[in-house]
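Labels A, B, C, D, E and F are assigned to the chains in the order they are written; within every chain, residues are numbered from 1.
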Amino acid sequence: MDALELLRLNFLSPMVLAYFLGMAARLLKSDLAFPEALYTAISIYLLFAIGFKGGVELAHTPLAVVLLPALFTLALGLFRPFPAYFLARRFLGVSRQDAAALAAHYGSVSAVTFLAALTFVQAVGHTAEGFMPTLVALLEVPGIVVALLLGKRQSGRLSEALHEVLTGKSVVLMLGGLLIGLLSGEAGMERVKSFFVDPYQGVLTLFLLDLGMVAASRLSVLRQVGFRLVLFGVGLALFHGVLGVYLGLKAGLSVGGAAVLGAMSASASYIAAPAAVRIALPEANPSLYLTASLAVTFPFNLILGIPIYHALAKAIGG
Amino acid sequence: MDALELLRLNFLSPMVLAYFLGMAARLLKSDLAFPEALYTAISIYLLFAIGFKGGVELAHTPLAVVLLPALFTLALGLFRPFPAYFLARRFLGVSRQDAAALAAHYGSVSAVTFLAALTFVQAVGHTAEGFMPTLVALLEVPGIVVALLLGKRQSGRLSEALHEVLTGKSVVLMLGGLLIGLLSGEAGMERVKSFFVDPYQGVLTLFLLDLGMVAASRLSVLRQVGFRLVLFGVGLALFHGVLGVYLGLKAGLSVGGAAVLGAMSASASYIAAPAAVRIALPEANPSLYLTASLAVTFPFNLILGIPIYHALAKAIGG
Amino acid sequence: MDALELLRLNFLSPMVLAYFLGMAARLLKSDLAFPEALYTAISIYLLFAIGFKGGVELAHTPLAVVLLPALFTLALGLFRPFPAYFLARRFLGVSRQDAAALAAHYGSVSAVTFLAALTFVQAVGHTAEGFMPTLVALLEVPGIVVALLLGKRQSGRLSEALHEVLTGKSVVLMLGGLLIGLLSGEAGMERVKSFFVDPYQGVLTLFLLDLGMVAASRLSVLRQVGFRLVLFGVGLALFHGVLGVYLGLKAGLSVGGAAVLGAMSASASYIAAPAAVRIALPEANPSLYLTASLAVTFPFNLILGIPIYHALAKAIGG
Amino acid sequence: MNLVPLKLLTIVAESLLERRLVEEIKRLGAKGYTIVPARGEGSRGMRSVDWEGQNIRLETIVSEEVALKILERLQEAYFPHYAVIAYVENVFVVRGEKYV
Amino acid sequence: MNLVPLKLLTIVAESLLERRLVEEIKRLGAKGYTIVPARGEGSRGMRSVDWEGQNIRLETIVSEEVALKILERLQEAYFPHYAVIAYVENVFVVRGEKYV
Amino acid sequence: MNLVPLKLLTIVAESLLERRLVEEIKRLGAKGYTIVPARGEGSRGMRSVDWEGQNIRLETIVSEEVALKILERLQEAYFPHYAVIAYVENVFVVRGEKYV
């Protein structure tokens, strides 16, 4: 398949199209809206399902295989807040708190981007390593911690924010699911497969419909905040994405795995990070970080980023 | 299978039985109740799933095949408000606004009746054309528009009501799903089939359980409103149903397709129309139109109507 | 498989592990929480699904086969409140109302314990009779009625509480589902199987996650209420469990069936009974009965009880 | 603007009581009510998860006389055993005649 | 503590009206509002299930002048045809200058 | 009827603050509270979708003294950075002694 064909394939997946349907619905001022409980239910399902599948895979992966990718991912998580912070300070010219808040978001990871990348990679006939969800969990937390430390010298609310991150529902569900998958293994998988595995791309489609609506309601903010934020969100995604692909291949991941790690690295959090930042850095402006993460970086990765990281992984590692 | 056997088959489907369970629960004053979020979640799922499946089917249907049925359905949509309006004025003796409100409901369509008809037709071994959901979308909107025009000379809230209908969640989800199905085709279907296709008759069963509860809480109103409304709701369903079957066969639909079009034509809206009417015709009495639509026409079609339209389609076209 | 292996198998099932994840989440003060609507939706689904499957099975079971187990189960339901009541009075030394409230809980049944037992029995290669859900329905109500009569001499709110039990959502959904399964039979099952059967162990896993959170928030109460309540909850479970296994085998059930009946008999209600007790015996202390049922007896049965009842059934009947 | 001074009576109670409370206040003269699901904490501890039961927050606009009747009924039949709190405020209601 | 006396205007209305009511109150001078989904019963019967539409309970803190303007608008355009109830109370608001 | 005049303090705030606000008001003397999930709009724009976080509407019945303490704490620690609004009313509470 050539690049254009891949792009088309990605763009015409039900998930990506549902995202645009959501945007359209909001721009047309439709009364379509997801009840809060539905949004929460879907995210509980998705996070637990990712973790669980990862755990089952991990159950038959030798430690030696997973060690290097895990270490590299950790390094990635510790490093990524710095480019984000300095770019925000220099290029966007925002306050220290705002820069740290952005760094927390670009230092963490978007589970949905991860899922979309995984789906894409499988659709084009590659496979990613089964333990990728473990890497997501590893990538989610450290970046937020580093970023909060960048934002605050005095402690104060910092410990509270750390607790918020570590016991936040996305970490608990993903790590908890992973553990359950690890312990219950294939036998457990067999029992719950038709709930946690088979329907999940469909559930993800609904989730992206909702995400599209949320992103669209951020577009007007984008217009106010300006073009520099778009450059920031896209540039950082590309830089982090390339880094992720490169480190992934270095760590011995397959082409598929490296592409997915690239997408993860390129993504910005919109579940764990906002909650932590709101507590630890209340002076930071939510419009800035939510808009960058949800209305710039997320759609960019969803549509263009993922095929790019995949092409790159194939070019270097294939 | 003879007529009685078919009736039994329809009546003993989990969907129809669940509807009666819902009624029984309400009449027994059970505390069973669906949370609003569950009702909304299920209707989002069903509407999107209908549209999506229709879109995928449409993707491999030549335009020539679908054109005539589409035109006939459109004609049906534009025509049906008139008999409803005049019958309401003459036979029920209600005000112009009330008559227009009833016309909007009987000019639109009930997605659940459509699904029940489709299920029935498949259960008796016929098949309906894959593009039927496209026809549902075509039938949903025009009748409401015509009816609102009948009800109002002055503009005023009319444009707002039109916007409400066209961007209402049922239209957005069904048309949006259709578009997504059309664009993502079989490849997309394969990914989300086990969420949007396999479980959906089960989801529909739960939905009908809820619908039964709502209908039962309308029964007391029915007693006040009187017997004429029952005649109105049944008579109109039969007339529109026969018309639908006839036009369906004329348009070249199969026996199954014509039966389903008959059921669609015979049905009355209870999602899109009430919302539009409440805005455009606030003087109209909701008791009247909700009771007619939900507590008369819907159960009539569900239990007797669908087998009748099917028998008719077979008799004329089979 | 030896006993330890069975225990491990039970303990490492996704359901049981999810229960502990829920507990851990609450003890770590995670912000993970199920929206009320999700909890309600899942319980509607589970109760209806149990009933429905039972009904379909019942449809091809001769009456003669089910009669004896049904009678024995009824006897069990009428008997169990008495040991609970007297143990509560003597051993716990609580008031008549509190004792009756506890009796209502230990006289009824926990649908989730039933499901967990069924799953366990199937996992170890036995099968339970298909009509077991009928027995659940039979066991749920009578014990509550007897216990309320024990608690009140004067009528007063009693009739209201009876109505509450008989038309309570758990009875309506389970009996209603059973009836629908019975009437629509295999044909109906085929249509809704991929919603009500295939995914349900996964749904149950989510439910247990939530249950774990609720139970954990009861643990602090447990510390106040004291060690005697633990003995009460475990002792009663074992006694009722042994009784259930014994009567099950006497009634001609298979080893699997007797094990499941034992688990049912050993379980305590936490859906139907609390609602009834709150109305009929408002003076009783909810801390006592909720804690005993949710934080003692439920986890005991889930982890140790079920394998014990199964081992016993095999030892006596195998 | 025709604003009638009336009483706004608010009752927070365990949701189990909803049906009964609605019947009582109607019987005692309330012409309508508005209910919102709520959670809370008071002398009987936290009320938020389903098993312990949620709360409802019921508001009804009534005349002073009806308000007092309802409060008396609450005090006699509900306060001793159930989680309930009730309070009254002065409000000015559009088309207030409708509600007395 | 700087507490400013202001008016708390509460509107209970069918949820269909939400978008329009929000526009109206903003246009007439409200600086903010808080909405809670509600169910209820009044002269037009029960409003709780989705098809009949739920209610919303909208609160806005405004000056007396704005409150009266909103009430007049309600009386003229909404009361005749829709399920609506509205009432006003006196409240004391922290940093109340923000809301006038 | 024994009605005690007390203060009803209402706080609308972003839901993220729930745990902290509950701790604060209890520490400052509140004996109970009632919370309802809400959405709204104010000087910081719309608060309704999950990512921006919903609001909560917290009510607590307290003595005047406790009300003032809570308001002061809010003004000092929450108003500068978070979306919060707070106001006080006079209410008459059944068995009001319980709440002071």
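Points worth noting:
Operating definition for what follows: contacts are C-beta pairs under 8 Å (C-beta built on N, C-alpha and C of every residue); 3 or more make two chains touch, one makes a residue touch a chain.
Model, not experiment: these values are computed from the prediction.
Following the contact convention of this document, C, E is the list of chains adjacent to both chain B and chain D. Among the remaining chains, those touching chain A and also chain D are C, F. In terms of the distance between Cα centroids, chain E is separated most widely from C.
The pair with more inter-chain C-beta contacts, choosing from B-E and E-F, is E-F. Note: centroid distance chain C to chain D, computed from Cα atoms, is 36 Å. Per-chain CA centroids place chain D at a distance of 20 Å from chain E.
The mean-CA centres of chain B and chain C are about 40 angstrom from one another, to the nearest whole unit. Among the residues of chain B, those in touch with two or more other chains are 35-37, 40-41, 194, 199, 275. In chain D, 36-37, 89-90 are the positions where the chain touches two or more neighbouring chains simultaneously.
Every pair of chains meeting the touch criterion is listed here: A-B, A-C, A-F, B-C, B-E, C-D, D-E, D-F, E-F. Only residues 14, 16, 37, 45-46, 49-54, 81-82 of chain D touch chain C when the two sit together in their complex.
Those residues of chain C whose C-beta lies close enough to touch chain D in the complex are 36, 39-40, 213-214, 217, 270-271, 274-275, 278-279, 282-283, 286-287, 290, 294. Residue ranges of chain F in contact with chain E, taken from their complex: 10, 12, 36-43, 55, 57, 68, 71-72, 74-75, 79, 85-90. Of all residues in chain E, only 1, 3, 6, 8, 22, 31-36, 61, 89-95, 98 touch chain F in the complex they form. Residues of chain A touching chain C in their complex: 35-37, 40-41, 44-45, 48, 52, 163-164, 167-169, 172-173, 176, 179-180, 183-185, 187-188, 191-196, 199, 275.
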